[in-house]
Each structure stands twice: as C-alpha cells, then as structure tokens.
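Quick one: structure below, then a few questions.
In this document, chain identifiers A, B, C, D and E correspond to the written order of the chains, with residue numbering beginning at 1 in each.
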Amino acid sequence: MEIMQVMGSLVCTQRVAGFAHLNLRVLRTPKGKLSVACDPVGAAPGNWVFTASGSAARFATGKPDLFTDLTIAGIIDHWSPDG
Amino acid sequence: MEIMQVMGSLVCTQRVAGFAHLNLRVLRTPKGKLSVACDPVGAAPGNWVFTASGSAARFATGKPDLFTDLTIAGIIDHWSPDG
Amino acid sequence: MEIMQVMGSLVCTQRVAGFAHLNLRVLRTPKGKLSVACDPVGAAPGNWVFTASGSAARFATGKPDLFTDLTIAGIIDHWSPDG
Amino acid sequence: MEIMQVMGSLVCTQRVAGFAHLNLRVLRTPKGKLSVACDPVGAAPGNWVFTASGSAARFATGKPDLFTDLTIAGIIDHWSPDG
Amino acid sequence: MEIMQVMGSLVCTQRVAGFAHLNLRVLRTPKGKLSVACDPVGAAPGNWVFTASGSAARFATGKPDLFTDLTIAGIIDHWSPDG
C-alpha cells in the first residue's frame, strides 16, 4: 500500500456509472504525483492516508463491483520506528 | 486512478478483436507520458479525465470481456482543495 | 495501454510451457525501455503498436491460459489530435 | 517480488475493516520509497524482506479476503551470487 | 514481460508457506533494480531471462496457488532485429 496525502475532492458530472455515491479524493505522493482514489473512510484534506491498489482497491470499498483501482484504506495516526 | 489529458484519437485498422466499437484515445500524463485508453464517456481533446487501470478498466467499459487495461472513467469538471 | 515500437523477435529454447506457438517480440517504449510481448497480430520490426498489460494481456491473445503479461493489441496506423 | 527494508509499524485507528489483526509495517526500497505492507511473518525493524504484490499479496496473508496489495513474504537471510 | 539478468539465489529460512520448493532468484534489470522471482526453468547466474508478472506469474509456475508476483518464463538465447 502507498502513503499519500489528501489534497481535496474531485468533481466529475460526466462519468461512468459504477462509483455509486463514494467520494473521489485527489491524493499526492511524497514526490508530488497526483492520483484519484475512492474514500470510504472520510479523510480530510491534509490527512496522510495509506491506499490499496489493484483488485484490493475494489474489495476495500466494501462493494467489489465498483470500478476503482485506488481506495483509501486508512488514515495514518503516526508510524513509529519501534526500534 | 490517474489524472490525464486527452490528446486525440487512435487509428488502428489491424488489431485484435475485442475492443468492439469503443473509441481509443491517446492520453498524456502531466509528465508527458502517452497512453492509450478506451473511452466510454465521450471525452474531447483537451479534456482532463481520470482513468481506471487493471481489471477495473475492463469493468468500467460496461463490457468486462474487453481487452483494455485503461479506461476513461470520468471527465473532470474541477477539483477543489476544500480546505 | 502503452505505445511501443517493435524491435525484433526473441529466441528462447528453454522456457515454460504455456506460450503455445505465439511469437515473442522485443518492444521499446519511447523512453528506450525494452519489454517482451506476445504478438497475435503479426507486427513487423519498426511498427508502432499499442499493448495491453495485466490480465487483459491474457485475454487479448484469445487464449486466456497463456502466461503473458503483455500482448500487442494493435498496430497503429496513425493518431490524430482531432482538435 | 521486491526487496525492501522494514522501517517500523503503522498506527491507524481509522481504517476500513478487512485487515483483521495483521500488523502493518512501513517498508523502504533501496531507493528510499516508502510503502505499507501486511506482515504475517513477524519482521523486525532493520530486517530486509521480500514482498509479494497484487493479487499474490492477498493469498500470501493466508486470508485472501484481506484488502492488502503488498505482503511481506519472507525475511532474507542472505543472497549469494552463487557463481 | 521484462528482460532481466540472474544475479544469484535468495536464502530465506523464515517465510510464508506457499512457495513450495521453487527456487527464488535475485534478478537485476538493465537499470540495476533488484527483484526476486520464482524460477521453474533452472536459470543460472549471468543468464538473461524474461519474466512474467502479476497473475501470469502464478500461472507460469504451473502451480497457480503459489504466492509469487514474478516468475522466470524463459532463458533468452538471443534476440534478433530481424529487419
């Protein structure tokens, strides 16, 4: 899974059916690349999240018939080097 | 899903069966990389779109037996930092 | 799907069963990266083609039990900015 | 599979159901890119591991209904050029 | 499929079940990136091979329930520009 930051929401009036009412978020990797993800957890702009891609992205929405290839799987509280 | 811009249409008289009559678009990432995608939404050159890849690309066409690995999932109106 | 150019053919006497008699082509991306693809359309060296990857690559061969992850899906005649 | 090093653990109180009680580790590639993986083998920070991605990542957890796209598949003792 | 060179073998006493007795090889891309692959063909260090990734990697082992996402599919004898 990848670590990304939420930038904002995506507005698309003309899109394929199959995203139901899930929100679409614009995410940014640490290197600055933008991606679009479904958001079943309710992430806010500025949040750091981790994302599931591929077929896992569909399962992670709870509705495997959605068309997403990237889904926010969780909001990161923090991570520890626990060394 | 990725954010890309529509550049034009692709003409291929010699291709495998299995794309039905769907249009093939040439897309460009913000970094300039070109890709080819099926277009079930009717995007026009210059439009910014978001694309579904992998197995999601087949489902997004509405015909999962197509051979695509990239499908235009929606035309972006705008995206807001909603912060 | 990606846009690539056919460089030549690959000779492998020692390989896993499961590619049947399909030709294997060496392809090059515009940036110079080499890949290997199954070729069900009969592309010639120098041709620009577009390729399907992932599970779509298997379906595109017409024999989904092949082991390929990259298949030539069509030979590009040209593409137009149609703007 | 990729070779990565374990950096630490990820704490996410707000996440989708579907990761059961598996630990989430933060991994780093040799080039410094961070990723998040499920850990069914009990890797410790500093360990070099190899990871399975895609649908293989779900099978490698022993619970294919998990939502992961990256799973630690083994801890590397060493590798030998055996030439 | 990708073109890579075999560097050596990987020793992992602590790993998930599901790789049976297949050898694990360390491979290097022409750009120097290291990966780990299952080897059902018996490649030797120094050999140039081509690899199948994703779900094709599992099928290429002959045991689709393995957890690999990269499998050596053949040893390259040579490739010809056949122009």
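The working rule: contacts are C-beta pairs under 8 Å (C-beta built on N, C-alpha and C of every residue); 3 or more make two chains touch, one makes a residue touch a chain.
It should be emphasised that the depicted structure is a prediction, and the values quoted were computed from it without experimental measurement.
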Identify the chains in contact with subunit A as well as subunit B, in label order. none
For the identical-sequence pair subunit B and subunit D, what's the CA-based rotation angle in degrees, nearest 5? 145
Interface residue overlap between copies subunit B and subunit C, same or different (over half shared): different
Inter-centroid spacing, subunit E versus subunit A (mean Cα positions, whole Å): 31
Taking each chain's centre as the mean of its CA atoms, subunit A sits from subunit D at a distance in Å of 19
Subunit C residues counted as touching two or more neighbouring chains: 54-55, 57
What kind of graph do the touching chains make: line, ring, star, complete, other? ring
Starting from subunit C and stepping next to subunit E, in what order do the chains sit around the ring? C, E, D, A, B
Residues of subunit A touching subunit B in the complex: 7-16, 18-19, 24, 26, 34-37, 45-46, 54-55, 57-58, 65-70
Which residues of subunit C touch subunit B once you look at their complex with the stated criterion? 1-3, 30, 40-42, 50, 52-57, 59-60, 62, 71, 73-83
